[in-house]
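In what follows, chain A forms one complex with chain B and a second complex with chain C.
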Partner chain A sequence: MIAKVLLFLWIAAALAAGFLWAPLVPGLGATTRVLYFHIPAAWITVVALGWSMVHSVLYLRSRRLEHDDHAAAAAELGLLFCVVATVSGAMWAKAVWHSYWNWDPRETSIFFLLLIYAAYLALRSSIENDERRARLSAVYSAIAFVTVPFLIFVVPRIYFSLHPDTIINPSGKIEMDPRIRLGFFAMLIGFTGLFAWILRLKVRLVRIERRTAERATA
Partner chain B sequence: MPTRGSSFTVAVWAILRKEWRTEWRTRHGLNASLLFALTTLTAVSFAVGRLGDRTDLMGGLLWIVLLFGSLASLSHAFVREVEGRTLTFLRLVATPAAIGFGKLLFNLAFVLLLELVTVPMFLVLMGGPPPDWPPFLGLLALGGLALASTSTLVGAIVSQTRGRAALFAGVSLPLLLPVMAATVSGTRAQWQHGSIRSEVELLAGFTAAVLGASVLLYDHLWND
Partner chain C sequence: MDANWVVLGVALLAWGLLFFYLLRLDGRLKDLEKR
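Let's turn to the complex of A and B:
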C-alpha cells in the first residue's frame, strides 16, 4: 500500500517538474513534453518484451508454468506500452511533422513490433493445453525477440529518419537540459515502477485463473 | 543437442529427399503455391496494368506476390506430418534439429522453385526495364532464405495448434515484415541503380539470427 502511494506521488512530482519547472526545447515548444511519456513508454516496451523473452527461455529450461505466467503477462503489458509509445509519437508527429503517420523508419519499426506481439497473443489464444501453449509460445517469443534488435536499432539507422536522436544515440551522449533530464529520468523510474506493479498484479491474476480452472476440472 | 558431424548431415539429407518424394507424389503443396502466386500476380497485373516506368512500385508488388505464394504452402512441411500422423515415427529416427533443417532445406528449394516460375512471369506481365541481374538474383536468393528459415520454424509451431492454416499466415507475416521491408527497398534500389548494401546486410543478419535461434529452439518444439 505504501509503495503504491509512493509511486503515485513520485509520478505526480515528476510530471509537475516536467510541466512546471523544466524548460522547453527551442524549436519544439510545448511538444517537448511528449518526451516524459513517449520515451519511458518505449523504454518499458523493450523492458517488458525482454522480460517476456527471458521468462520464455527460463520456461524452456525449467518447464515451470510460473515462468510462462510472467512471459504472457509481460508480453501483454509490452504491447500496451507499445501502443502508448505509438500513439503519443503519432500525436507529436502531427504537431511537428503535420501528419499523424508517414511511415518514417521509426514509425515502421514500432508498428512491426506491435504486429509481432499481437501475433504472439493470437498464437497463445489458439492453444488450449497449458503446457503446450507455454512451450510453443516460448519458442515463438524467443524468435520474435531475435527480430527486435533489427527493428529498434538497425532499421532506423540504415534508413534515413526524421525522428529526433534517441537516448542511446550514435555519439553516445545525452544532450538535454539538466532540468529536463532530471524530470525525464524521474518519469523513467516512475514508469518502471508502474510496470513492475501492474506486472505483479497481472501475474497474480493469471495464477488465480489457472487455479480456478484446475479446481473446476478436478 | 543433436549429434554433429556426418550422421547429422546424413539425416538432414535423408529428410530433404523424403520431403521431395512425398511432395512429388501429390504435388499439392506446389500446385497450391504456384496457383496462388499466379492468381495474385493476375490480380495485381489486372489492377495496375503495365508498370513500365514505375520501377519504384514493382519491387513491392513482386514481393507481395512471392510472399502470398510461399505462405500458401510453407507450413505444409510440418502440417503434413501432423495430419498424416507420421511425426512420431519421424522423431524416432531423427533429432529435432535434423528434422528442422531437413525441412528448412526443402522449404528453401520450394521458395526458389516458386521464384523461378513466378519472377519471369512477373517481369513479362509488368513490362519495364530489365533488372540489374546480380543484385536482383542475390536479393531473391537471400530473401528466399530469410523467408524459408522463418516460416519453417513458425510452421513447426503452428502445426501443433488449432486453426493451423489461418494462424500460419497471421503469425509468420509480422515476423517477415522486416524481411519484406529490406527486400522491397533493395529491389527498388537495384532498379534505380542504387546501392543495396545495407539491405543485404540487414537480410543476412536477420537470417543468421533466425538460423542461430532455430538451432537452439528446434530441441524444444516437441515434448511428448
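Let's turn to the complex of A and C:
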C-alpha cells in the first residue's frame, strides 16, 4: 500500500513539476507538455513488448502457463501504451505541423507496430486451447519483437523526419533544460511503476479466471 | 485563470481517478484470491 501511495504522489509531483516549474522549449511553446506523456508512453511500449518477448521465450523453454500470462498481459499493455503514444503524438502534430497524421517515419513505424501487435491479440483470441494458444502466440511474440527495435530506433534514424531530435542525440548527449529533464525522467520512472502495477493486476486477474474455469469444469 | 493550472488540474483529476480505480480493482482481486 505504501508503494502505491508513493507512486500516486510521485506522478502527481512529476506532473506539477512539468506544468508549473519546468520551462517551455523555445519554438514549441505549451506543446512541450506532451513530452511528459508521449515519450514515457512510447518507452513503456518498448518495455512491455520486450517483457512479452522474454516471457514468450521462457514459456517455450519451460511450457509453464504463468509465462504465457505475463506475455499476453504485457503485450496488451504494450498495445495500450502504444495507442496513448500515437494519440498524444497526433495531438502534438496537429498543434505543431497542423495535421494529425503526416506519415512521418515515426508515425509510419508506430502504425506498423500497432498492426503487428493487434494481430498478436487476434491470434490469441482465435485459439481456444490454452496450450496451443500459448505455444503459437509465444512463437509469434518472440519473432514480432525483432521488429520493435528496428521500427522504434532504426527506421526513424535512417530516414529524414519532421520529428524533433531523439532524447539522446547523435552525439550521445541529452540536450534538455535541467528542469525539463528532471520532470521528464520523473514521469518515465512513474510510468514504469504504473506499468508494473497494472501488469501485476492483469496477471492476477487471468489466474483467477483460469482457476474459476478449472473449478467449473471439475 | 491560467490555462496551465486548468490542464494540470485535469491531468491530476484523471490520474486520481485512474489511481482509485486501480486501488479498488486491487482490493477486489484480493477478495477473489481468498475465496
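As a convention for this text, the second predicted complex is superposed on the first by the 216 of 218 C-alpha atoms of A that agree within 3 Å, B and C clash if a C-alpha of one lies under 4 Å from a C-alpha of the other, contacts with A are read in each partner's own complex, and residues count from 1 in each chain.
Assume a contact is a pair of C-beta atoms (placed from the backbone, for glycine too) under 8 Å apart; a residue touches a chain by one contact, two chains touch by 3 or more.
Note that the coordinates shown come from a computational prediction; the quantities given were computed from them, not determined experimentally.
K.L.:
Between chain B (first) and chain C (second), which, if any, makes contact with A:I198: first, second, both or neither?
P.N.:
So A:I198 only meets chain C here.
K.L.:
So in the superposed three-chain picture, is A:A216 touching just chain B, just chain C, both, or none of them (first/second/both/neither)?
P.N.:
neither
K.L.:
Going by the touch definition up top, name the partner, chain B or chain C, that contacts more of chain A.
P.N.:
Chain A has more residues touched by B than by the other partner.
K.L.:
Which partner does A:I143 contact after superposing on A: first (chain B), second (chain C), both, neither?
P.N.:
first
K.L.:
Now for A:I208: first (chain B), second (chain C), both, or neither, which partner does it touch?
P.N.:
second
K.L.:
Contacts for A:L15 in the overlay, against chain B (first) and chain C (second): which applies, first, second, both or neither?
P.N.:
second
K.L.:
Tell me the contact category for A:A30 with respect to chain B and chain C: first, second, both or neither.
P.N.:
second
K.L.:
Indicate the residue numbers of chain A shared between its chain B interface and its chain C interface, in ascending order.
P.N.:
Correct list for chain A: none, the interfaces share no residue.
K.L.:
Residues of chain B touching chain A in their complex?
P.N.:
150, 153-154, 157-158, 160-163, 167, 170-171, 173-175, 177-178, 181, 185, 198-199, 201-202, 205-206, 209-210, 212-214, 216-217, 220-221, 223
K.L.:
Please give the residue numbers of chain C that touch chain A in the complex, ascending.
P.N.:
Residues 3-5, 7-8, 11-12, 15-16, 19, 22-23, 25-26, 29, 32-33 of chain C touch chain A in their complex.
K.L.:
Of all residues in chain A, which touch chain B in the complex?
P.N.:
Residues 60, 108-109, 112, 115-116, 118-119, 122-123, 126-128, 131-132, 135-136, 138-140, 142-144, 146-147, 149-151, 154-155, 158-159 of chain A touch chain B in their complex.
K.L.:
Contact residues on chain A for chain C in the complex?
P.N.:
4, 7-8, 11-12, 15-16, 19-20, 30, 33, 197-198, 201, 204-205, 208
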